[in-house]
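Below, each structure is written out as structure tokens.
The two complexes that follow have subunit A in common; it is paired with subunit B in the first and with subunit C in the second.
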Partner chain A sequence: MAAKTRVVTRAGRRRREAIAGLLFVAPATVGFLAFYLLPTVRAFQISLTDWSLLRAPNVVGLANYRRMIGDPAFWHSAWVTLTYVLYNIPLQTALGLLLAVLSDRLARSVALRAVIIAPYLMSNVVAGLVWMLLLDPILGLTNAWLAHVGLPRQGFLSSPDEAMASVAAISIWRNTGLTALLFYAGLQAIPKHLYEAARLEGADEWSMFRRITLPLLRPVLAFVLVTSLVGSFQVFDVIAVTTEGGPAQSTRAILWYIYENAFKFHKMGYASAISVTLFSVLILVTLLQMRLLRADHSDLD
Partner chain B sequence: MSFLSIDRVTKQFGIVQVIKGVSIEARKGEFIVFVGPSGCGKSTLLRMIAGLEETSGGTIAIDGEDVTHADPARRHIAMVFQSYALFPHLNVFDNIAFGMQIKKVPRAEIRSRVEEAARILRIEPLLDRKPRQLSGGQRQRAAIGRAIVRKPKIFLFDEPLSNLDAELRTRMRVEIARLHQAIGATMIYVTHDQVEAMTLADRIVVLRNGLVEQTGSPSELYDRPRNLFVAGFLGSPRMALLPARVIRGGPDQLTLSCPACTGPEIDVPGPFRREVRSGEPVTLGLRPETLRWDAADPMLTVRVEITENLGGSTLVHATTSDHQALIMTAAERLAVTPGTLMPLSFGGHPHVFDGEGETLRP
Partner chain C sequence: MRTFRRAALLACTAVTIMGAAPARAADVTVEYWMWDGNQAPIYRQCADRFEADNPGIKIHITQDSWDNYWTTLNTAFVAGTAPDVFVNHITRFPEFLANDILADLTPRIAADTYDMGSYLPGLAENWNKDAHQWGLPKNWDTVALVYNKAMLADAGVTEDEMRDLDWNPENGGSFGKVVARLTVDRNGKHGLDPGFDKSKVAVYGWATDPVDGYGQNQWSFLAASAGFKYISQRWGTTYEYDSPALVKTLTWLHDLASKQGYAIGQENLGNLKAVALFSAGKVALVPDGSWMIAAYRDNAKADFGFAPVPKGPDGRRSMFNGLADSIWSGSKHKDEAWKWVKYLGGSACQTLVGASGVVFPARPEADRTAEAAYRAKGLNVSAFTMVATPATTFPFPITDHSSEISAILKTAVENVMLGQGKPAQILKNANDQVDGMF
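After this line comes the complex of A and B, so read on.
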């Protein structure tokens, strides 16, 4: 009898805890449903139609997706985005890591970290505008500096060969500070005794970095890589304020192409199909990355 | 010639001087223990020997070579940290092999040396486990394994057992003693625990406030503490310290009056280091095991506060009539209720310290 009442009250307590838990996650869930899940579902619906903003949509099945596969402009934009990602991620990650390790091992000053993070406090649009002025082929300061050290003038954003690299450089300039700060926080979780033990064993700075810092930073590295990779595939605002996809389509990244289709050519259905595809690819890439980096699992207690 | 020679070293952190001129000599194979209260500079001194802290003044020489400012790796020293400092992402094998892998020692040799260390420490079945999968004692052994494979000139231990429970601490203490005998290496060991100090050390260095108070073998320090600090620090339970005054100073006998004592005066037999003037204030130091229940000829009477039955012996915590704490170890089982007045006498030659706290014994 006594045992039975105890079971009942325990079950009751568990139910109450479950209700409290649901209440806690409710606000976030509502936001997620209204602003993420619903638009995603809607985008998928629209991608199955020929909606043009003006006329009522007709369902066209997978026609938009078939068209996408045969569209050279889509593949070009995918390629342009990939080159951007390939410029951006390795450099931004390596620079961020270098800055973090240097400021951790050499100068642990708050002022220095403030300087490092400063560009991130600027919006992409402002950063884009500032650098557009600095990189102006004729009036920009950058070419003046290059001339000063005896290098030839560069086209930067107005040269089809250099535009995507220039956009990437602007993003790197802006985002490296955040990456560095995340790595710096990760470094603080590594006990200093490990480095002392390694020094006594005869390890130099490089082997300590390779054998201690890097493996113990893995969860932070995974987080940084996943977020910056997803962010890089969605490069948009810097392009919007600097090159608008040009010159000669050399910076027409996927998001810019989606934007053109939707709001310039009024092909909402087609734009949605590309969006849904990008979304699916990014989810796959993220899952793969988390798996490869065992991101959910740290060696530190 | 000594193997490790520390000569008047000092250490300054900013404007704070933490080590104020310490000199220590150690022979090859000696087991030296640093003891002292928290914050006295034990860890700092150890880290200076290892080269993890820069030395501000003085010199450190190992095996005849001046290493005062040498890189830690060049000193051929191994250190076992209180936190173990095992690499959490490497298994025990790779932790032990870490230094050899960095020096690119051939694989076969690494394997045989790691296995030998594992055999000495009895951790062979644990070699492919990660540190998180080990118990405290096993982690400690792995950390010691990392130290011994390198065949260092000197082993440094910074409170290696303080994170272990009491029973394991006792076991590991014996293991460290066994290890020292087996490999005969020079070891320097920092501890708070004066039982560890007494049992492990060939020589104990008592530190206080960045200075050496006394150096000597465990029995020397126990039997002939140079001052009140050392007397109070070594020995568990602590020595009872009773204030007294000299009535008559003789060449080989002192007559004292002490408020805690039963009679008006007691005689303490010599010898003494110097002439003692009458009227001088002194402190009488009584080790717990020298006190006896003695109803026939008591020297002092104490009030029992609490007794602890340790099975084979009994600890009696008491206060004297002038409210000094006193502990007595009785070899037999004593049944006394708290509040009982207990007549005591002390045998042998009690410690006597002068007004400055220095011993009057030679």
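After this line comes the complex of A and C, so read on.
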């Protein structure tokens, strides 16, 4: 009799816990369904139509996707985005790691960390505006300084050869602080006795970094790489503020091209098709990265 | 949950009360949207007079910034919440027409025997397709040159000279010479002096906004004065960007910067535009549109004046463009909306707008008021008004697919001005691509 009561109570408690658990995840689930899943499904639906935003849509099947494959402007924007990612990710990650290790191993000052994260507190739009003024070829401070040290004037955002690198530099300037902070947090999880032991064995800073820091930082590294890679494929706001895809389409990144199609050319169906494609590619890239970096394992266990 | 519902109910009631308060039960409210914050108070004055003349109709004006305006308007058309009357722009007109957004004004104009001939010639035509009228003209703009008076005097150029410049794509004419004379290097040598160093220019003789595909305030007045036409007629289906006149004009402008060093090249033109370069004293002469007059007055510290665009082999030419008021096809109060549109396009409201000295109204009698208002602010704007005639203007190239076409042409002209390939080839390719869309 006593045993039976206990069983019932345990089952009841488990059910109560399950309900509480569901209640806890409910707000997030509702948000996910309403703001992520539903729009994604809608985008896929719209991508099968010729919706112009202003007229009732007709279903056109996969015509938008076929058009995309044969659209040189789409491939150009994909290529432009890829160059941005290639400028952005290696530099931002390396700089962030360097800053994190330096502030961890050399100067553990709160003020310094605050300075490093400061640009990230600014919105992309403000960062874009500030740098647009600084990088102006004739009126900007950067060129005044270049002239002062005897270097020739640079077009930066106005030159098709330098515009994408300039946009990437603005993003790196803004985001490196966050990357550094994430790495810094990761570094705090590495037991200090490992370094002490290594130092007793006579290891120098470089080999400690290579053999202790880097392997033990891998889960954080994976997180940083995945989020910043996905983020840089979606570069938009800095471009919208500074170059609007120009000059001569040198910064017409994929999200800008989607925006142009949807809201300037009134081709919502086509814009949705490109969005869905970008979404699928990013999911694949993310899965691949997680797999390669074994993101769910830590060498500390 | 119950508290939430009660709060929601309360909020609803509050909104209903607030919304209902200003209007009587039988009143019709006409929603009117515009983007220019400078003009919104003036139009409120028009609305007050209109309301006094038309009891039972209220005007509700909403003003939003240029970018927000179009995004909000587009979504409002879809959602069915668009304004009854809105300020329309020529670049959006073809898309709206193709998507049945606009109400046809033709039957109403005929029924009221409304005089369309009372506007400056060329303005109403911009809003007409196949003998149907889709908007009433509101105001207009032309392009003129802006010069820095001190720099002019320093180079020994008189203001009389500026009023009578000529230009051609072969040697640049007297306009080209003035641009050269206005350019000064860091040693104080002017563009035509021996020993002028084009690698060390301190003040340029010429700069424009970064170029776009139509070049309204950058290159169109020079190309048109050399005989270039965008399209053969309004709503045409073939563009003429492969014309030798355009190739020669753009090549001359490109060389002016890259070969002679008298102008700021496209690769050095940031988003800050000509008005910023002019105000900073980096350039002595710039072309700009009449919509920028106030910006020069507010920003330029130096004394400046306006001169007409130069006369080319084909005469003096400026683009002639303007806004209109249109009625949304989904409006539930089209009769009241038409009364308001008529009032906006009429003499009383346009004269009021002219007296504010912010824009040039579409009616000639209101323009005289506007000129006087500008003069009272110390600005002689005759360089803009003198070219507002059919012989000295050309229209914006209005055709279908205009937004996509504008993107293609912008890239082509940018490439020419950046020196990325042969101008004739770049423009021919773009023109073929554009013509292929029809």
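Heads up, the rule we're going with is that the second predicted complex is superposed on the first by the 291 of 301 C-alpha atoms of A that agree within 3 Å, B and C clash if a C-alpha of one lies under 4 Å from a C-alpha of the other, contacts with A are read in each partner's own complex, and residues count from 1 in each chain.
We adopt the following convention: contacts are C-beta pairs under 8 Å (C-beta built on N, C-alpha and C of every residue); 3 or more make two chains touch, one makes a residue touch a chain.
Model, not experiment: these values are computed from the prediction.
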item: Fit or clash - subunit C, subunit B, common subunit A; value: fit
item: Contacts of A:191 with subunit B and subunit C, given as first, second, both or neither; value: first
item: Touched partner set for A:75, first subunit B, second subunit C, both or neither; value: neither
item: Which partner, subunit B or subunit C, touches more subunit A residues; value: C
item: Partner chain(s) touched by A:32 [first = subunit B, second = subunit C, both, neither]; value: neither
item: Angular separation of subunit B and subunit C about subunit A, which is computed from CA centres of the superposed model and rounded to the nearest 10 °; value: 150
item: Partner chain(s) touched by A:24 [first = subunit B, second = subunit C, both, neither]; value: neither
item: Which superposed partner A:160 touches (first subunit B, second subunit C, both, neither); value: second
item: First, second, both or neither for A:279, with subunit B first and subunit C second; value: neither
item: Touched partner set for A:136, first subunit B, second subunit C, both or neither; value: second
item: Subunit B versus subunit C as contact partner of A:247, first or second or both or neither; value: second
item: Partner chain(s) touched by A:145 [first = subunit B, second = subunit C, both, neither]; value: neither
item: Distance in angstrom between the closest Cα atoms of subunit C and subunit B, superposition on A; value: 51
item: In the complex with subunit A, residue positions of subunit C that touch it; value: 71, 74-75, 77-78, 95-96, 99-101, 210, 264, 266-272, 276-277, 280, 282, 403-404, 407, 410-411, 414-415, 418, 420
item: Subunit A residues within the subunit C interface of the complex; value: 52-55, 132-133, 135-140, 153, 155, 157-160, 242-243, 246-249, 260, 263-266
item: Touch list for subunit A against partner subunit B, complex; value: 191, 193-194, 196-203, 207, 211-212, 215-216, 299-301
item: Of subunit B, residues touching subunit A in the complex; value: 50-52, 72-73, 77-79, 81, 83, 85, 87-89, 98-99, 102-103, 130, 132, 146, 150
